[in-house]
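Submitted below is the structure of interest, expressed as structure tokens.
Residue numbering begins at 1 within each chain, and the chains themselves are lettered A, B, C and D in the order written.
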Amino acid sequence: MNFCSDNVTGAAPEILAHLSAVNAEPMMPYGEDPVTARVDAALAAVFERAPGTMASFPVATGTAANALCLSAVVPPYGAVLCHRDAHINVDECGAPEHFTGGAKLIPLDGAAAKLTPETVAEALAAGWTGVVHHAQPACLSITQATEAGAVYTPDEVAALVDVAHAHGLMVHMDGARFANALVAVGCAAADMTWRAGVDLMSFGATKNGALAAEAAIFFRPELAESIAFRRKRAGHLFSKMRFLSAQLEAYLAGDLWLRNARHANAMAARLASGLVDVPGVSLADQVAANELFVHLPDGLAAHLRARGFAFYPWTAGGADCYRFVTAWCTAPADVDLLIETARGSAAA
Amino acid sequence: MNFCSDNVTGAAPEILAHLSAVNAEPMMPYGEDPVTARVDAALAAVFERAPGTMASFPVATGTAANALCLSAVVPPYGAVLCHRDAHINVDECGAPEHFTGGAKLIPLDGAAAKLTPETVAEALAAGWTGVVHHAQPACLSITQATEAGAVYTPDEVAALVDVAHAHGLMVHMDGARFANALVAVGCAAADMTWRAGVDLMSFGATKNGALAAEAAIFFRPELAESIAFRRKRAGHLFSKMRFLSAQLEAYLAGDLWLRNARHANAMAARLASGLVDVPGVSLADQVAANELFVHLPDGLAAHLRARGFAFYPWTAGGADCYRFVTAWCTAPADVDLLIETARGSAAA
Amino acid sequence: MNFCSDNVTGAAPEILAHLSAVNAEPMMPYGEDPVTARVDAALAAVFERAPGTMASFPVATGTAANALCLSAVVPPYGAVLCHRDAHINVDECGAPEHFTGGAKLIPLDGAAAKLTPETVAEALAAGWTGVVHHAQPACLSITQATEAGAVYTPDEVAALVDVAHAHGLMVHMDGARFANALVAVGCAAADMTWRAGVDLMSFGATKNGALAAEAAIFFRPELAESIAFRRKRAGHLFSKMRFLSAQLEAYLAGDLWLRNARHANAMAARLASGLVDVPGVSLADQVAANELFVHLPDGLAAHLRARGFAFYPWTAGGADCYRFVTAWCTAPADVDLLIETARGSAAA
Amino acid sequence: MNFCSDNVTGAAPEILAHLSAVNAEPMMPYGEDPVTARVDAALAAVFERAPGTMASFPVATGTAANALCLSAVVPPYGAVLCHRDAHINVDECGAPEHFTGGAKLIPLDGAAAKLTPETVAEALAAGWTGVVHHAQPACLSITQATEAGAVYTPDEVAALVDVAHAHGLMVHMDGARFANALVAVGCAAADMTWRAGVDLMSFGATKNGALAAEAAIFFRPELAESIAFRRKRAGHLFSKMRFLSAQLEAYLAGDLWLRNARHANAMAARLASGLVDVPGVSLADQVAANELFVHLPDGLAAHLRARGFAFYPWTAGGADCYRFVTAWCTAPADVDLLIETARGSAAA
């Protein structure tokens, strides 16, 4: 019963099955296959964009999607504003720096790993733009849902975009858990992104049921002119691209992505509502999507682990804080067993 | 009936099936799963190396494998000697330059895209080593089988290695079609590589039946110290690594990789022996593995294409030269139909 | 009367004169000249090192010296810990990122732009080392004197080095104002650097009387193996190297560098002692070397500027805070006139 | 008597003197000084351009000028076409690759290190442009005078530009010895460059009398938007910029640069006309500017060296081929003594 992360899960059966469905025929390589064309259209439909008015590039990892996106809009002498805890800042071993040719990430503070317009405005007020001694602010990157499990509303996104655009920065959304955020907020994908002013995004699928598939999406296609070349030279252009695209096709088909995300979020809510009643347990933060941060009383973490539950400490929340992540395939019975086990420990 | 490349094929059923086999259980991410550990051991067994004396890193593309390998042994101010037609030189949009931080590829000539010790020695005699004005020769990269379908014997590899090592260069083998070359030569994988002095290699599986899987292999593990970090920052560390590793596991299991390669090579030989009897057709080069280069008489290429055969021109061989690539799944009937169709055209 | 920075000054007459002294004869280029050899020996003598046990590389700018130093010890996937206000972090437009191939700077806090062992230890306790997701801490860089005009004592340097070395980091000193710090502390150059454990440094001369000359110095010569190549490919290997080396030769000869620094520091002290008696003026920080940060009462800054004094605001110290920098050539009369003008304004 | 290169010389007295002339007053740093503004205007005048219609950036080395120029017009996934012997290809330790973020240099052949429109057209006919697998041809770089001492006429430049522009490539001129080429051809600087279609150039001064000064010049200022930032992050923005600019100011004043170049060329012609009469001596190539390539009979090179003449072998011209370079300060008496010494050897 592994609550460490949504990336400990396998792949959704619909997605695995679709790999076989696209396997039989020879197809031209490097994205010249019909599956890839269909996925591009399906993504446009999901985002309510007319064909040709946005560009999508399937890749296999979120790090690749993020770094490619940033490399499109940030020159080597550029700077990216992001939260201090952003995946691009702490968990990609310098991928944005590598893909941009040495740009600089400017870490900003904010509760629950969220940025506010005030924080961004203050950072930009330092006046780096146009001054030759400083890296040039070029992009604001926000994570949806954030690394601390919070979500931005479309209005919050729009307010951040306003500040960024006013200073000439592009806005990138790291959507590794975009589906979870979207169903949590309950709006359209378009409202969450380009209608709020987002220029480009990393559209995640891996954590939510794919094997290894994400898409770099450009709502302003003119920003993507270099991406085909950058993807290739980063080793991320698959020869048998059909297998990357097929994952995304099945992910979107019949709203599998939204159903998977709703399930994951529901499991987190179920776990939270059960755990808060356990004596000594308290939520470190409200549960917005599929991540749960809780304070556990002495001994409870060890007790749970001894009974086969896996999860990570969250030291940012204090020595007694832990993170539980639910996923598209989390079994309600496992959630209930966890709650029951915690109750038993407290009673003992 | 697509003879354009072995990358137009789907995946071998054994490999697809194995994805499902490793899907059920949660597994720790980023290579901390049991499948990845088993693949590392299986690769060591294939190469007759004791555990821990070689290092393997699964990645999804041959470009990633090549560029990561080179980045391990070539500093930013380094130079890579390779054939003018090498994939790393002409078909990776500068991936080696990107991963090394700006190293230089030195293109050399040679028939059938093969290098000779003499050519390499002459290039190194230019005396760049140790002179601050010049990029520093750091690695010799050879392709097995070559981009023109030829293969190196172990003795030929060893002779190239001798020159390279004598000048302090590491030797990398781009094995995108390693299996095809290996069964063509009929020796052990170890004989073809580290016993002949090869230091590191890209071990290909995609063209020979995988969906998207290769491995960067280091026969001197101390060369690989930086690779885990470089792979991560290149976006090539998969969270659900099991799905990358599972492809390699199934690829090696029961010698699937060798059987697939033997089939592909046999189909090329069958095609060659049939085509040479067609009036006006001649081989541009001997058929060593699974690639066939032929001169076709006027009108034959158009005739074949009109009947549904796809293949590429090979302008390096002349205006009348074409390339046919067979694969692990090429149907003998398709080969025979192609021959028959060519004969029919000639007779008409 | 320009107190904006010590880089608004011209060059010391001794240094200018020495350019002519080395001009007459033909000399071999690219550092193969006798002047460069003599400078290398002179620097070794200044640092009390036996010939051959340290390596020096003259360059023309402090940014080049810093970035080259860092590139020697920080891999592309590495991280540099430094103060938030460090020149390498905010004033070099990403030069360290450029020269290292995309390493990451980790900004730390500290009063007067100084780091403490506690701050560094806390940052390293985050546990990035060895974890593939994170940039790998590789170097601690401290500035002597700091960007806020403070200095480290040898003991303070040693305490920082202890923390850094214990975690496997190299220690770099940005000595753009090394001479000013050295004479302020009053110790030997060796005590301030390698005897306290510093591994490599940027030795500044430009601000203290040269035209454009610094040296990248490696107290562990084995760290410098790549520097000759990196300097060349950064365009920093001068063909007529004699002219770069001659500046350093004259700078060191007869302790010109120490005399110049003592003068600059004395002028700052003189200015401080005069200004603090002016009603409404207070020091924002103690004056350690040749930089002065003061709070000025309403209208005084404008008054001084109207009378021809140039200087910068220092917003980090508050809206009423200003920076005055003295230099090797600052005229005592100008200092006195500034004080007198301030007094006059206060009296009015 | 050193004929190894024009970079073994010191600096012209006019240029050295001008350093002192600009030394006295404080000046704002980083190019905000009046000298730099005057040089920008002077360069525009030399090239007959209206103020503001071209942009110039002083730097200290030719490698920096070349690499900065290329970085302005070549993306990381781009390719530069140049002669196999071009300085950027063989003598800059990968500086273009470093500054561009990993672009590729495509070496082409041509007599006397000159390119022809046919060679360039043939290279571009390979059809890399727009194909994702290949580095994208972005710039043609030619050297004036070439590394083998030849010069292009304006018509030859224009013919190369036509091919490059027709394929969407920018044209860069490496003018390390631009003055020598210009006076050899006898045309206006504008005719040799932008009127023939050259988009950007490296304007050399170091070899022709400066200490260390070149300028990156953009005839289309919109190409230079990133250069101020790139120069800074490469460590090539001098704080005391006046000393870089002063060299260029004195270089251009009163046509010193043209006089120096005429002298250097005249000395080469004098040397050539004297040497060709020596039995056994023959010119390997016609003498266009200030470089001389000669075949020497057995023993003559050793004889000359024993008498104090220094010069380099030129193995590209054969085992008996040597290069002699004259400069702005070459003494006619030294030239005559060399000739006389050679005659004496032949007579003996």
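Operating definition for what follows: a contact is a pair of C-beta atoms (placed from the backbone, for glycine too) under 8 Å apart; a residue touches a chain by one contact, two chains touch by 3 or more.
None of these values were measured; they are calculated from a predicted model.
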Distance-maximising chain from subunit C - centres being C-alpha averages: B
Whole-Å gap separating subunit A and subunit D, where each centre is the average of the chain's CA atoms: 51
Centre distance in Å when subunit C and subunit D are each reduced to the mean of their C-alpha atoms: 34
Residues of subunit A engaged with two or more neighbouring chains: 76-77, 92-94, 97-98, 101-102, 132-133, 136, 229, 232-233, 237
Contact graph of the chains (line, ring, star, complete, other): complete
Complex contacts: residues of subunit A adjacent to subunit B: 2, 4-5, 7-11, 16, 19-20, 22-29, 59-65, 67-68, 92-95, 97-99, 206-207, 211-212, 229, 232-240, 242-244
Parts of subunit D lying in touch with subunit A, wherever the complex brings them together: 30, 75-77, 101-102, 132-133, 136, 226, 228-230, 232-233, 237
Subunit D - residues contacting subunit B, complex: 76-77, 79, 90-94, 97-98, 100-105, 107, 132-136
